[in-house]
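Down below are the structures I want you to see.
After this come two complexes, each holding chain A, first together with chain B and then together with chain C.
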Partner chain A sequence: MKKFEPTVIAFSCMFCAGCEPVAAKPEKSMKAAQLKVIRLHCLGKINSMHVLKAFENGADAVLVAGGACRFMEGLAVAQKQIEYTRKLLEELGIEPQRLELVPVNQAEGKTFNEAVEGIIKRVRALGPNPLMKAKKAA
Partner chain B sequence: MVPKIEHGKKITAAVLVAGAGIAGMQAALDLAEAGFKVYLVENEEPGRKRSAKGGAAARGFLCSISSKLLAVQLNNNIELIEKARIEGIDGVAGNFRVLLGSAAPSSVKDKAAATKKNAAEKLRSIAAGAVIFAPGFNSLAASSGYDFQAELQAHAEKHGFSIAGTTMITEKERLPLATSRPGIFAAGGSGAPAVRDALIQGSCAAALAAELLSPARGALVREKKYPAEMSVAADEPSIGIFICRHMLSVKKAAEGIIAGAQKMNAAVHVEALPELCSLASLKRVQEAIEEQGLNRVVAVTCNPEAHAPLYQEALAEAGLNRYLLEMPDRVSAGHALDVLRMAVARTRKLEPLKEVTSDVVQSGLVIGSGVSALTAALSLANQGFEIYLVEQGPSDGSDAARSLQKKVAGQNKIILFSHALITSFAGHPGSYVTTITVNGAAEVLKHGIVIIETGQARDTLAALLKIPVAADGSYVQPSALQPLDLACGGMFACGNGDVSNSIIQGLAAAARAATILAKRELVLSSIVAVVDPERCVACLTCVRECPYHAPAISEERVSFIEPAECRGCGICVSACPRRAIELKHCTDEQILAELAACMDVRS
Partner chain C sequence: MIVAQRKGIEEVKKMVEGKSRILIAGCGTCVAVCMAGGEREVSILASMLRMAVKLDSGRDIEVAEITMERQCDREFIEPFDKQMREYDAVISTACGIGVQFLADFLGDIPVVPGVNTKFLGSNEGGGTWFERCRACGECVLGETGGICPITICAKNLLNGPCGGTNKGKCEVDKDKDCAWTLIYQRLEKLGALDNIRKIFPPKNYHAQTHPSRMIHEAYKKD
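Coming up: the complex of A and B.
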């Protein structure tokens, strides 16, 4: 059987974490895994729907990245949203560890990459997105 | 601070900047934005890469420099005169005549061509009120043995002025970058400045020239004309994808990427261009828009933040709305097609957005009591703008500050509030309202810009003025190419270091501020939240959640967000329980399209 490599979708603030991830070369362990970045004008925009949709589409993990907010409260608001969404995931039978918010500032590509590697390691142990398993069974 | 021009004498509202280096380009841009015609004279071809050997760091640097050059080229009030040099400067401050000749050719081949052309190319004479010498193309030139000081000295000897006072500020004069000849300024003269210093010195020189010429401001500039905007609402998306060759360094992969992109839905034109951040490439994009009837553009460059405003401008020149542009994240060969597929999916859903503008209140607020705050206030007042100077603590007792305080007292355009406390702050770039308390009495100040001297009780001030602060306590800097601009529009910081540096920064901040104050109307971002009145039930959630207090309940009893007041964070959008608010250019439809594309799910 093929070794499981998780797909990670990252929502990132275009001002804080926007361009760093790709510029800072991802480590080897990340190459096999798939990282896709969706930039937002501000993390304040994110809500549970975006995260749930990512899982519904088959993501194995979702990372939300942003830092010292240009709009003052974006990060704090996102934190609340993500906490709430983790509870929703639990109710849906998706491990909340698959969702993480990391504070990343401009020019901190390394922090971002470490976070990606961290979540990949965790999700490798968890296995594929349970929604996809259910889909296949149906 | 600047030589006064005798009353009644004619002033030419144009500045000649010699040297299209970083400092020169910054001076030209600041002056043109502040209402002056600029002639930017360069003896080489600007952009010719004197230090192309520098490797990857140099590449990135050159790509950011090229964005300044593009901004110069797209500005209709800057005339770029290439391969020319200054033969002589006649006249006096406010009314110079500068004689130009063709520059000495650098190679034998060029020389032969030049001799042929010489007969045809007569000397050109340009009328300018002030002259700024800003030699040197870029800071990396320094490492290749280039000597700014020597070039500046050569100019000085030739045109009969001394630069002795440009780097050292004497007790008496306190005028950096000025030469011994009034009306002639020299930027970038203190050895080999770093990029940041060169930018600041360029702005500083612009402030000095603007002070001199401010009575004639606006006389020679023309408003840029755009073609009528194409209506695209009814048309199917027809997308042009343009990729910078530097992003496709591996040839085989490049072919695959281009072939893959051509197959994408709605992509009608895919082209790789040698350097996407050059004027030639922008022109090519504009041609393609016309030829192929493109109505949306995806441009892949190495620095989307720096290049986006320039591509927006190019779209506007071609009659396309500025927001029908998508510049995805930096692309590496391994996942280029993924990124492109997501970008195209999002681009299909892009909508043209209405321009959001603000009337500019033509007065400024300067917060601080040190040398740089005093200098900034004086420079803006000398440029004809009304200034509120708010000192939160006691006055600065240093010698340098004292002599400036005397000048402030003699300048009737500055209203000074000592021992004042800022109690509230509201508004948006171009139109802010600040309430201060002095001796128990409240004063309401209306102003278009804010200049803050760094070190002014940073935490409380930042929270009150809603200026983002980085983890290390410094103000967040949105762009390395605009070192004094803060992350909020119309706000600038100044004042680090010794007296000489503080003066230079004060003047530079004044030049940046003048680019806003000189305008009647400021164009703001159209990325704003819009309420659907049909869905809104006036629950007040958005009113409570907005960090900027933008939403208000209208007479129709629904929430209304004034576009100019909205900064586009989207917090109200995610908080709204009725999903009645949409953030333009970052809509759920656009995000979901990207999400579907990245997992290759058909939506």
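Coming up: the complex of A and C.
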């Protein structure tokens, strides 16, 4: 049986240079897993709509990363959105632990990598996105 | 504006059980402003519904999305007529008015609500709405300094305050302001404290018939 390698979608602030895996040496497990980074002009642009679409399209985990906001409130706005989205995921029966917001500032590539590592580890334990399992069962 | 709140996905899912082609119709007016049924919320509901059905039965269903400017005016609905009739059911995220209007318009296609209509209110700042008007049909705001006793007072008293007022709070709910204390303070600021002595006759609720209809003679078409 093929080993489960999670797909992680990372929504990251384009102004926080740390939110890129290239900023630090990627770990082995990160190479195996699929990491796709979607850059946002501000973390405050993130909405439940984007996160749900990522899960709907097969993401096993979603990471939202950004730090000290040049637009002042981006991180705070994103925090509320992510909290709300976790509730929506729970309502659907999708583990909210698959979604995480991590504060990362400029030149903190290592922090970003550690967050990706952490979520990959967690999702490996949880297994694939329940939607994919439901698809296979049907 | 009309304030609404999204329905839980289980309830929505049940209402469209067995349907394979569903359209979610949003409204770009009040419910969009209160983040319950505009374009963004339509997209969220569509994703949630597709996922909920798939998780439940492994079935893929088609959920399309549209948002019209207003669902309570025929001219805004008509352009979507043909498109809407291609679906087995329509979930309207408009207020109760929009849902009914759309159901009347479509006739033989089921239209179900995607939100619960809560009240007529104002935006109190980010993410908070507060009820301001009960649409009683006989406005007294001119006498009460712009504060509605029918809405804000828990007992809807036209002549207050009652004996339950306590340091500006209401005996029904200590977290709520006493409407008549607010009215007194506002009238004082306006230099119109004499208004507090006016006795309002009981409201003639009997004169209010439902459903109400209003005709503006200048615009009525024969």
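Note that in this section the second predicted complex is superposed on the first by the 133 of 138 C-alpha atoms of A that agree within 3 Å, B and C clash if a C-alpha of one lies under 4 Å from a C-alpha of the other, contacts with A are read in each partner's own complex, and residues count from 1 in each chain.
Heads up, the rule we're going with is that contacts are C-beta pairs under 8 Å (C-beta built on N, C-alpha and C of every residue); 3 or more make two chains touch, one makes a residue touch a chain.
Bear in mind the structure is a predicted one, so any value in this text is a computation, not a measurement.
Colleague: Kindly classify A:Q97 by the partners it touches after superposition: chain B alone (first), chain C alone (second), both, or neither?
Modeller: neither
Colleague: A:Q79 in the overlay: touching chain B, chain C, both, or neither? Say first, second, both or neither.
Modeller: In the superposition, A:Q79 touches no partner, neither chain B nor chain C.
Colleague: Thinking of the overlay built on chain A, is A:F55 touched by chain B (first), by chain C (second), by both, or by neither?
Modeller: A:F55: touches chain C, not chain B.
Colleague: Of the two partner chains, chain B (first) and chain C (second), which one does A:N47 touch, if any: first, second, both, or neither?
Modeller: both
Colleague: In the three-chain superposition, say which chain, chain B or chain C, touches more residues of chain A.
Modeller: B
Colleague: Output check: A:L131 vs chain B and chain C. Expected answer is one of first, second, both, neither. What do you get?
Modeller: So A:L131 only meets chain C here.
Colleague: Taking the superposition as given, does A:V37 touch the first partner, chain B, the second, chain C, both, or neither?
Modeller: first
Colleague: Going by the contact definition given at the top, which residues of chain A touch chain B in one complex and chain C in the other?
Modeller: Shared contact residues on chain A (touching chain B in one complex, chain C in the other): 47, 49, 53.
Colleague: Considering only the defined contacts, which chain B positions touch chain A in the complex?
Modeller: 304-305, 329-332, 334-335, 338, 342, 466, 468-471, 476, 478, 487, 527, 545, 547, 567-571, 573-575, 583, 585-586, 588, 591-592, 594-596, 598-599, 601
Colleague: So in the complex, the part of chain A that touches chain C is made up of which residues?
Modeller: Of all residues in chain A, those touching chain C are 47-49, 52-53, 55-56, 88, 91-94, 130-131, 134-135, 137-138.
Colleague: Quick one: which bits of chain A touch chain B in the complex? Just the residue numbers, please.
Modeller: For this pair, the touching residues of chain A are 7, 9, 15, 18-19, 21-23, 31, 34-42, 44-47, 49-50, 53-54, 57-59, 67-74, 77, 81, 105-106.
Colleague: What residues of chain C sit close enough to touch chain A in their complex?
Modeller: Interface residues on chain C, with respect to chain A: 8-10, 40, 43-44, 47-48, 50-52, 54-59.
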